[in-house]
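First chain A sits with chain B, and in the next complex the same chain sits with chain C.
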Partner chain A sequence: MNQETIIKINNLTKRFPVGEGEFTALKNINLEFFKGEFSGLVGPSGSGKTTLLNIIGSLDSPTEGEAIVLGKQISKLSHKESALLRNKHIGFIFQVYNLLPVYTVFENVEFALLLQNIPSEKRKKMVNDALEWVGLSSMANKKPDKLSGGEGQRVAIARAMVKNPEIIIADEPSANLDAANAHAILKTMKQMNKELGTTFIFSTHDEKVMGYLDRIIHLRDGMVEEDEIINVNHAP
Partner chain B sequence: MKLAFQLAYKNLIGAGLRTWLNVGVLALSFIIIIFFRGFLEGWNHQAIRDNIEWELGAGHLVHNGYDPYDPFSILDGHGRLTQEQQVDLFPVLVRQASLYPEGRMLSVALKGIDGQQNLLELPTASFTSSNTKIPAIIGKNMATSIDIKEGDEILLRWRDKGGTFDAANVTIVKIFSTNVITVDKGQVWIPIQKLWEMTGLENHASYYVANENYTPSSLEGWNYKTKDDLLSDFYKLMEMEKISTSFMYLLLLAIALLAIFDTQVLSVFRRQKEIGTYIALGMTRSQVVGLFTVEGTMYSLFAMIVGCIFGLPLFWYLHTSGISFPDFYQDMGVSFPTRLFPSFGIQLILTTILLVVVSAAVVSYLPARKIAKMNPVLALKGKMQ
Partner chain C sequence: MIRFLLKGILRDKSRSILPIAVVAIGVALTVVLSAYMKGAFGDMIDQNARFETGHVKIMSRSYAENKDQLPNDLALLGVEALKNTLDTEYPQMEWESRIKFGGLIDVPDEEGISKGQGPAAGIAINLLDENSKEAQRMNIETSLVQGKMPKKSGEAIIGHDFYEKLDLKIGDVFTFFGTTMEGSMTFKNYQVCGTIRFGAGAMDRGILIIDIKDAQEMLDMEDGTGEIVGFSKLNVYDDQETQIMAAEFNARFMDDQDEFSPIMMPLRAQNNLGEMLDYSNFMSGIFIFIFVFAMSIVLWNTGLLGGLRRYQEFGIRLALGESKGHIYRALIFEAILIGLIGSIVGTCIGLAGAYYLQIVGIDASEYLENSSMLMPSVLRAKVLPYMFFIGFIPGLIATVIGTMLSGIGIYKRETARLFKELEV
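Let's look at the complex of A and B:
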C-alpha cells in the first residue's frame, strides 16, 4: 500500500527542568505516522504519552531531535505559524473536554472557524454539519454545563472535526466516560476516520479504545517499547 | 480585533454578576468624577461672573499709589482725571475709617461710589431713595459681624481734609447679599460725593471702574488692569484647586481600576484551562493577551454606557436647575452661592471618558501580559502558579 507520511519523529528527546536537575520524559523516539491511521499511544501513567501528543500538536517542542508534522518542523515554527497549524490542521480532544463555559455548543464548535475568518453562512453550515456528525443538532443552543459527560465529549469531537483537519489528537478521550458513551464516541471517530480520512492519534489506558485502534504504540519510561500494527478491520 | 471584541463581549456577558459589579463601580466613579469636576467648574464660572458683576466691571483704572492689598497705600493712593479722561469710567474712592458697633472699634474700608452707576450689582440706587445724612450700604456678611439691621445708625470715624479725626452717624439703608466677599467683608459703601465732602478730596478716586466700551490709553500715574488681570490670582487658585482635586479623582479612579485589575489577575489565574484551550484551538498567545485586555477595557465601555444612561439625565437636571445651598455657607464667610449651576462641558465628559478607558486598558493589559509567557501545556493542565 502506498502510504503517505503525515508525521515523522526523529531521535526526539524531551527533558523537563525539575528543581535543580532535569527529567527526561521522552528518550530518543523515532516514529512515523501515516495519513488515515487510527493509532494510539498506550503505556503506564508517566510514560510520556501526553508529552508526545503535545509536541505533535505543536503545543510544546522537543529538546532534541525533531518532529515534522505536515511537512513542518515543530521546533522551527514561530508562535504564529504553530497557532495556524493548530487552527487549520490539528484538532484536539481532551480528557476533560475543555469546552468554553460561557459559549453555547454552537459557539464552541464555531470558535476555530471564527479564527479562520470564514464567512458566517459557510460557518453556520459547517458547524451544523459537525453537530449532525456527533448527533447533537438539537443541543446547539445549550451551554456546556447543561450537557452530560458523553454529550460534552461529543461537542469536543465536533469542535475538533469542524475545520476538517488532517490530524485529530485525542488524549484519553474516554477516561471520564462510561462504557456506552465511550463506545459511542469511538464509533463516531472511527467513522470520521473512514469517511473523511482524518488521521487520529490517541493516548489511552482504556481497553475499549485499544479495541478500535489499527496501531498501538507502547510507551514505557519515555521510550517506544513496541509498535504493534493490528491488521484487523474493525467494524463493531 | 473585531473578533477580540466579539469574544470579549460574549465572555463578559457570560460572566454575569462579576461583570456588572465591575461595571457598576466604574460607572459610579465616572459619574462622581464628572459631577465633582462639573460642580467645581460651575462654581468657578459663577465666582468669576459674580466678581465681574459686583466689583470688576470690564476692568479697573488704578491709581499707581493704590494697592488694594496694602492698607497703608490708601492714604495717598488717589488722584483725579479730567472729565474727558473719564469717559466710560466711574470713580471709586477708598478711605480708611472705623466703625463703632456696640462700643467696639472695627477698621473698615470706606468706599465712595456714585449712586448713579448701574454697571455693578451693588445696590447704590438705595443712596438716593433715602434722605439720611450719610446713607451707607453694606453686605450681609458685614452686617452679621456687626449685628446691624437696615435702618440702623452706626458711628463712623474718619480723617478729614486736615488729617484730623471726624465722626458722624451713618445710616444703613440697604444690606445686600453677594457671593463676592471682597465687596462685603470689612467694606462700607457710601455716595462718593459725600465722601469727597467729608475728606475734601473733591473728584478724587483710588480707582475707576471701566465698562465694556472703555478703550484704555496710557495715563500718567494710572495703570489699567483688565478684569482678567484682576482675576489672575483667582485663576492661579483655580489651577491649584484643579491639581489638588485631581488627586481625589485619581484616588477614586484607582479604586475603580483596582476592581478591574483584581478581576484580571484572578482571571488569568483561574482561566488557565480556557487560555490553554484558546491556544490549542489556534489563537496565538498575543491574541489571547489582546482578548483579555479588550475584556478588561470593555468594562469601562460598558461603564460609559451605564454612566450615560444614569448620568446624563442627572447632569442635565443639575445643570439646568442648579443645586441650592443653605445660607449657612455664606455666613461662614465662604464665597459660596445659594444656587450653583454645575457646568458639564463636552470636553469635561470626553476627557474623563478617555482617561477612564485608557487607564482601564492599561490595568487590563498588565496582568494579561502574563499570558504571553504561559506554557500552553501547563495552562491546559491548569497548573500554572
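Let's look at the complex of A and C:
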C-alpha cells in the first residue's frame, strides 16, 4: 500500500546537559510516521516519549540526526518558522487540558485561528464546526472552570482540530479522565482520524488508549524497543 | 488579536486592577508631589519676587553690596531719567521704585504723651498712582484686615499685630522717627488708614506701608530711591531672559569705578533664590527619577509574579503556535495599555489632589511664626499644564520597563526548556 510519510526521523539523538555532564534522552532513533496514522509512544517515565514528541512538535531540536516533519527539517527552523509549523500544521492535546481560564470555550478554540489572521466570519464558522464535532456547541460561552474533566478535554480536542492540522500530538490525554470520559474522547479522536485523515501521535501508558492505537512504539531508555503494528493498513 | 488580549486583561483582575492600581498610585503621588513642590517653591519665589527682589532689581552698586542694612545713603539718584531709559530699552518690563526704611513708631495718647512705641520696618511703594500695579502686586488690598487703602498723602497702612500691640485705632495719628538719606533725623506724622496681614511671618512683624512720594519727602530722597524693581508685563519669570537682560544692562550702565552706578540683578542672583530655583528643578527631577526607578522595580516584581501566574498560559500559547517574540510583544502591548490606563487614572487622581492642595494648601504658619524667611504661611500646590502628562513618564515607562525586564526570561529561553518550565 502506498503511504505518504509525513514524519521521518533519522539517527536522532538528543542529549541534555546535566550539571557538568550530559543525559542522553534519545539514542539513535529511526522512525517514520505516515499520514493518517493513529499511533502511540509507550514506555515508562524517562524513556524519552515527551522528548520525542517535543521534537516532532518543533518545540525542541535534535542534538544529532534529523527529524523531518511535513518536509521541514526541525533543526534548521528558526523560532518563528517552528512557531508557524505548530500554528498551521500541528495540534496539541495535553494531560491537563490546559485551557486558558479567563476565556470562554469559544475563545479558547478560536485562539489558534486568531494567530493565523483568519477573517472573523470564517473563524466563527470554523470554531462552531469544531465545537459541534466534539458535541460542545451548547457550552460555547462557558468558562473552563464550569466544565467537567471530559468536557474540558473535548474543548482541548476542538482547539487542536479547529485549524485542521495534519498532525495532532496528544500527551497522556486520558490520564485525568474516568473510563467513560476517556473512551468518549478517544472515540472522538478516532473518528477525527478516520473522517479528516488527521495523524495522531500519543504518548501514553494507559491501556485504554493503547486499545485504540493502530501502532504502538515501545520506548525504553531513549531507544525504540519495539515498533508494534496493530492495524496493517498503516504498516511502515 | 488585540480585542482578544483586551478581554484577557479585563477579565483577569490580577492582570488589570492590581497593576493599574499600582501605576495609578505611583502616578498620582508623582503628580501631587510635583505640583506641591512646584507650588511651594513657586510661591516662595513669587512671594520673594513680588515683595523683595522683583524679576530684576536695580540698585546702586554699593547699595547692592550692603542691601541688608537698608543703606538709603547709598540710594540711586536721577531715578526718573533712569526709569525713562528702562521703559524705552526694556518695554516688556514694568519698573517701579521702592524705598525700604527702618525707624521707630511713637503713638501719643490724648494729651500728646507717648503711650506706646515700637520698631517699624517700612516700605514705600507707588500707592497713590492709579496706573501703578504695586498695590495689586503685593496683594495689599486683599490682605487688609481693617480699614482701607491710602487715598492721599500722609496715610499709612500698618501691620495688624503691630497695630494691636500699639493699641491704635483706624484714623489715629502716629509719628514715625527715622533717618534721612543724608543721615539726619527725621519724623513725620501719619494717619492709620488700614491694617494688614500678609500671612508671612517675616513681613507681618512691624510693617509700615506708605506712598513712595511721602517717603522721598520724609527721607530727603527727591528723585532718589533705594531700589527699582522690574516685573515682566506677562507676570512670568523667565530665568534665562532676565539673566541676559541683567548682563546686557550691566555691560552698558555699570561702572566698576563708580560705586553709585546702577547694577541690575536678576531674581536668581538675590536672596539665594538661584539655589532655590535650581533646587526646585533638581528635586522635581529627583522625584520623577525615584518614581520611575522605584516603580520599575515594583512593576518588575508585579510583572514577575503575574508572569509566574501566567506561565501555563504562555506555554499553551507557545504550543498553539504563537512565537516567543509575539508573546513578548503582546506583553509589552498589555504593559502599554495598563500603563496608559493607570497613568490616566493616576493623573486624574493626582490632579484632583493637587487642585485640592492648590485651593486649601497646608497651613505652616505655626512653624513659620518666628521665621525670618519670606515664605507664605500656607504652602499650596500649583497645577501647571505639564502636570497633565508628567505622570505618564513614570506610569508608562516604568510599566513597560518592568514588563520588558520580567518578560525577557521568556524571550531568551530555549522553547523546549521554557515549555517544560511552563509545566504544560
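Keep this in mind: the second predicted complex is superposed on the first by the 231 of 236 C-alpha atoms of A that agree within 3 Å, B and C clash if a C-alpha of one lies under 4 Å from a C-alpha of the other, contacts with A are read in each partner's own complex, and residues count from 1 in each chain.
By our rule, a residue touches a chain if its C-beta (ideal position, glycine included) is under 8 Å from a C-beta of that chain, and two chains touch if they have at least 3 such contacts.
Predicted model, so just to flag it, every value in this text is computed and none were measured.
Visitor: Sticking to the clash and touch definitions up top, decide whether chain B and chain C on chain A clash or fit.
Guide: clash
Visitor: Just checking: does A:Phe92 make contact with chain B only, chain C only, both, or neither of them? Give me first, second, both or neither.
Guide: In the superposition, A:Phe92 contacts both chain B and chain C.
Visitor: Between chain B (first) and chain C (second), which, if any, makes contact with A:Tyr103: first, second, both or neither?
Guide: So A:Tyr103 meets both chain B and chain C here.
Visitor: Return first, second, both or neither, reflecting whether A:Lys80 touches chain B, chain C, both chains, or no partner chain.
Guide: Both chain B and chain C are touched by A:Lys80.
Visitor: For chain A, which residues lie in the overlap of the chain B contacts and the chain C contacts?
Guide: Common to the two interfaces on chain A: residues 54, 57, 59-60, 79-80, 83-84, 86-88, 92, 94, 98, 100, 102-103, 107, 111-112, 114-115, 159.
Visitor: Which of the residues in chain C come into contact with chain A in the complex?
Guide: Chain C reaches chain A through residues 1, 4, 7-8, 11-12, 312-313, 315-326, 414-416, 419, 424.
Visitor: In the complex formed with chain A, which residues of chain B make contact?
Guide: For this pair, the touching residues of chain B are 3, 6-7, 10-11, 13-15, 273-274, 276-277, 279-287, 375-377, 380.
Visitor: Which positions of chain A touch chain C when the two form their complex?
Guide: Counting only chain A, the residues touching chain C are 54, 57, 59-61, 79-80, 82-88, 90, 92, 94, 98-100, 102-103, 107, 110-112, 114-115, 159.
Visitor: Residues of chain A touching chain B in their complex?
Guide: 54, 57, 59-60, 79-80, 83-84, 86-88, 92, 94, 98, 100-103, 107, 111-112, 114-116, 159
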